[in-house]
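Each of the next two complexes has subunit A plus one more chain, namely subunit B in the first and subunit C in the second.
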Partner chain A sequence: MNELVFFLNNVVISGLVIGSIYALGAVGITLIFSILRFAHFAHADMMTLGAFFAFFLTAMFPAVGPAIGLPTAFVMLPIAMALTAVTAIYLDKGFYKPLRKHNVKPIVIVMASLGVTLMLQGLIRMFMGTSARSMYIDDRKDIYRIDLPFELASRPLVITDPQILLFVVLIVSVISLHLFLTRTRLGKAMRAMSDNPDLARVSGINTDTVVKVTWVIAGCLAAAAGTMLSLDVTLKPDLSFHLLLPIFAAAIVGGVGHPYGALAGGFVIGFAETLSVFNWAVLLRPFRDYLWFDLPSSLAIVPTEFKITVPFFILLAILVWRPTGLFKGKVL
Partner chain B sequence: MLSNTALKEMILIVALVAAMLLLVSVMGSAYGVRVLVEASCYAIIALGLTIQWGYAGLFNAGIMGFVALGGFSAMLMTFPTNPRFWESDLPGELGTAFLKLIVGVLLVVAASQLHRLKVPRKIQIPFTMILGAVVYFWVINSFAPVTGSIVREAGFIGGFGLPVWVGWTVGGILAGTVAYFIGHICLGLRSDYLAIATLGVAEIIKAFLKNFEWMTRGTLTVSPLPWPVPGAGEVGFIMARALYLSVTAVMIAVIFFLLHRAYNGPWGRMMRAIRDNEISSSAMGKDVNKRRLEVFIFGCILMGIGGAALATFNGIFDPNGYLPLNHTFLIWVMVILGGPGNNIGTLFGAVLVYVVWVMSEPAALALLNAISYLGDLWFAWEAPSDFSSRALQARVFSIGLIITLVLRYAPKGLFPEKVPQHK
Partner chain C sequence: MALLEATNVHGGYGGMNILNGVNMTIDQSDIGVIVGPNGAGKSTMLKAIFGLLHVNEGSILLRGEEITNAEPTVLVGKKMAFVPQEKNIFPSLSVQENLEMGAFSRKDDFAHMLDQVYSFFPPLADKRNQPAGELSGGQRQMVAMGRALMIEPSLLLLDEPTAGLSPLYMAEIFERIITINKAGVGILMVEQHAKQALQIASKGFVLAAGQNRFTDTGENLLNDPEVAKAFLGG
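For the complex of A and B:
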């Protein structure tokens, strides 16, 4: 039974956690991809930026969290989200909008977004240094150890406070995004513009507003994902480096332009990562007497240091066999 | 009579030469020649990018991966052999493992062709996948003990002790092979996908080079790599570096001549047609994806060769020294600032940007020391201990800023592309 608990802790819970982070990032990427029609490479750095906003706010008001009973950074999350959304709008105004006005090829805007990535990275490291920091300043991380009601399971199921909050954030944002896209005028305008921008423009939709709203949503989700991830582990300036490839893979696996597809893609990539670095020998060990072969000590599909290859090969596989993604998105 | 553009270009080139002379006179000629050699290696890499981006409009975001592959093969081919490895039983065991790998690949390929024997797809696909998984575990479990004992007993497998030009050629071939697979998958799709995939492949190549300790020594680094010309010990620093510079200069001249011919020939015209109007050129019967694949592979071969020359010159192979994003975009700045599609512009951009990049480090540090000194003096402000390492990040910021500004205000670069007109 302990082996199963180990599996639950290492695969199911951590897959859900990392999958939710990827999903939050991928939804933003897929919205930008379908409405502004370019791959926004600076998205992972927007996540880092959001986390740093939350960190600043935490450092400024460290006593807020303990007073409410939640981590301070989580209490500060709405403000950090707003700040990131404003930054996103201004980044668009400063760097992408002039290029769009010039009617350049989409790939030039992709390049500009890589320039923005470098600028954000440089700025974050210039002001914050290169070391890792903890998001907990005046409070500490609560870790829940849930004992399972089975005789044989002596090890507890481990889940932390930020992980639970992350699931709450994910569920709340998915439901509100769904309601926004299906029930409000602006949400419908966004969907119309993603389907056919010219038709949307001639039918009187204010495309500038739609673009702004897209950046607000993407910025908010990015800030939430970045903050929750750095609450759960640590805040590092090179956070974006480990996120960029998985979130793009998630958006493409889900099908570009499909927010729900991106959600699914995030979990596919997250679980693929945790399943492939999991040492399957642990699960097989109880049956070792019945197996016809000797059990090697390590039976992980890929060693941990090659974890980054997993999203990449999934991405290549999906581009070869089903470029539209699982949910029939667009191939722009 | 010089036209306006020609005059402007003359002035720019004269200014660059003056800047180089200034650099040499300030930092000493040994250092100046070193910077020139490195700039010439970067120029080869930048020429590779200019045919991908300038001729064909392909976005390669993983240049550093191909450069690292070039460096790796320069190391593997030219480094002296490791007697501790070759005199043990390990080569045989490693050979057996490679044999198993080949057998496994053949088995999987055979299974994927089963449908030719009238085996239904429904059976064939699951069978191939299961066979692939079994073969995968079989192969990695036969490699693991061998590579482990290589690292324990012999350090790493060492090089093959071949001449330098073999290493450089193999570097080009290796980079071209990887480019073939990536391009084959992504070039049929929208250009963004190529950017994502190349970005990924650079990370993957770096992860492999860093973690395959039995082949590359990983973080321990391999040095010194042999040079194609007499080293500093025999003819002195300046002479050795100058000889090396003449080798790279000859390479650049050859590449430049070939590219010039290709650009002005029918091939170049076809590439520009594909870049500027994909639909009409495919209507004219050009195989767009195949041509793009061709130019993508050519570009990556040049990047591999340039990377090999760079690693050989530095004399050290350090997988951690390749920073995918930063160095990739240093090369992008060289190309888009110099003028994509204009070979002279690319060479100019490569030398200019590299000199500025090299000089910006001491300049930034001097500025910083002044700031922290004055801050201490006037405001009793104490600079953080990692101040200098942080301040160097300003260079990353400025690369990003230059890219976005050039794209917006001078998309053609300093030396705009000159399309030949035949009257």
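For the complex of A and C:
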């Protein structure tokens, strides 16, 4: 029974957590691609940037959280999201829009976004240093240990406060995004522009506004993902390095240009990671007497240090066998 | 004053001119039809009027107001609508959402226009919640025209509205165009089916090599042996 609890903690909860982070990032990438038709490589750094805004605000007003009973960084999240959204709009204005005006090939804008990535990384390191920081300054992380009502289960399920808040953030984001895309005038215009950009222009849809809204949504989701991940672990300036490949893999697995696909893709990648680094020996231990081989102490599909290869292989596999992704998106 | 007055329009893509001095005048009561051989610049002319293509020389006036090289968003605000030939719907949006997108520039309540488009194109009313991409070719054309009508245009530009449609649908679309025109919408359209289109045209423009070859009423063009021989296949 304890083995099952171990599995739930290390695969199911961890997978849900990292899957939610990937999903929030991938939805942004997919929206940017469907409106602006380029792969936005600076997206993971927008996540880091959002987390740093939240950290900065937490350091400035550390007493806010304890007063309310929530982590300070979480209370500051809406402001961090707004700041990231504004940054995203200005990054677009400064670096991508001039290129779009010149009608360059998408690959040129992709390269520009790589440049923006390096620039953001440099700026973040310049202001915040290179060390890992805790998002908890005047408060501390609550960890819940939930005892299971089974006799054999002596170990508890472990879930932390920021993980629960992350699920809340994800659910709220997905529902509001869905309502925005299906119920509002601008949301429908976003889908229209993703469907047929030329006709959107001909119909009199203000494409500049749609582009801005896209950056606002992508920036907000990125800041939320970055902040919630940093709350759960720590805030590192190289956060984006570990996120870029998985979120792109998630967007492509889901089908590029498909927000719900990106959501699914995020969890596919998240669970693939946790399943492949999970020590299966633990689950098999109760059955060791029936096995025809000696059970090693560690039996993982991929060693933890090589976790980053998992999304890479999934990405390759999907591009070879189903390039349109699970939800039939556009081919990159 | 003429609704649309294009004078000596030169334009094309990337410095190369396709239009070499086209003249066109359309009144509110007109159905103007542009015909001519492939590559004559028929669709190019519509795009030039709608600001989708750079006009290098000449002028385009809408009710006397200069609109040469104006952005489509601006022209939609001036009650001008354009239905492209291909990819003229939003396939993953529902029929109703397609129509709503046509009214994007409207800040007022446009519910009455939705009702009007549905009564004008009854097949669309039953399918309002279906993705437009799932409709038949003729119904897609209705969605495309319905979307353009949502701004209650005074000038409607149609690029080959009957392309790829069966003769039955073609007749129906032409009939609708006449009705729209009678409601006070000036029409300028490009048509591959020259003979049928000229029958409903109050003005016909035969283009060749980016210039006007013949300009007359539709009936006169149909009866002109020279036009018939060169452009209408005998």
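Just so it is clear, the second predicted complex is superposed on the first by the 331 of 332 C-alpha atoms of A that agree within 3 Å, B and C clash if a C-alpha of one lies under 4 Å from a C-alpha of the other, contacts with A are read in each partner's own complex, and residues count from 1 in each chain.
Basically, contacts are C-beta pairs under 8 Å (C-beta built on N, C-alpha and C of every residue); 3 or more make two chains touch, one makes a residue touch a chain.
This is a predicted model, so every value here is computed, not measured.
Following the overlay on subunit A, give me a clash-or-fit verdict for subunit B and subunit C.
They fit side by side.
Who does A:Lys105 touch here: subunit B (first), subunit C (second), both, or neither?
first
Quick one: is A:Arg322 in contact with subunit B, with subunit C, with both, or with neither? Answer first, second, both or neither.
Neither partner.
Could you look at A:Lys93 and tell me whether it touches subunit B, subunit C, both or neither (first, second, both, neither)?
After superposing on A, A:Lys93 lies clear of both subunit B and subunit C.
With the two complexes superposed on chain A, say which partner A:Gly122 touches: subunit B (first), subunit C (second), both, or neither.
In the superposition, A:Gly122 touches subunit B alone.
For A:Val202, select first, second, both or neither according to whether it touches subunit B, subunit C, the two together, or no partner.
second
For the overlay on chain A, what angle lies at subunit A between subunit B and subunit C, C-alpha centres, nearest 10°?
About 90 degrees between subunit B and subunit C, seen from subunit A.
So, A:Leu299: does it touch subunit B (first), subunit C (second), both, or neither?
First partner only, subunit B.
So after superposition, what is the minimum Cα distance from subunit B to subunit C, given in Å?
Result, nearest C-alpha distance in the overlay: 15 Å.
Going by the contact definition given at the top, which residues of subunit A touch subunit B in one complex and subunit C in the other?
In subunit A, nothing is touched by subunit B and also by subunit C.
Tell me, which parts of subunit A touch subunit C in their complex?
185, 188-189, 191-192, 195-196, 198-206
In their shared complex, at which residues does subunit B touch subunit A?
Those in contact with subunit A are residues 57, 59, 61, 136-137, 141, 144, 185-186, 189-193, 195-197, 199-201, 203-204, 207-208, 210-211, 325-326, 329, 332, 336, 384, 386, 389-391, 393-404, 407-408, 411.
Please give the residue numbers of subunit C that touch subunit A in the complex, ascending.
Those residues of subunit C that touch subunit A are 50, 52, 72-73, 76-77, 82, 84, 87-93, 97-98, 100-102, 104-105, 147, 151.
Along subunit A, where are the residues that touch subunit B in the complex?
Against subunit B, subunit A makes touches at 33, 38-39, 41, 95, 98-99, 102, 104-108, 110-112, 114-123, 125-127, 129-131, 241, 244-245, 248, 252, 296, 298-299, 301, 303, 305-306, 308-309, 311-312, 315-316, 319-320, 323, 331-332.
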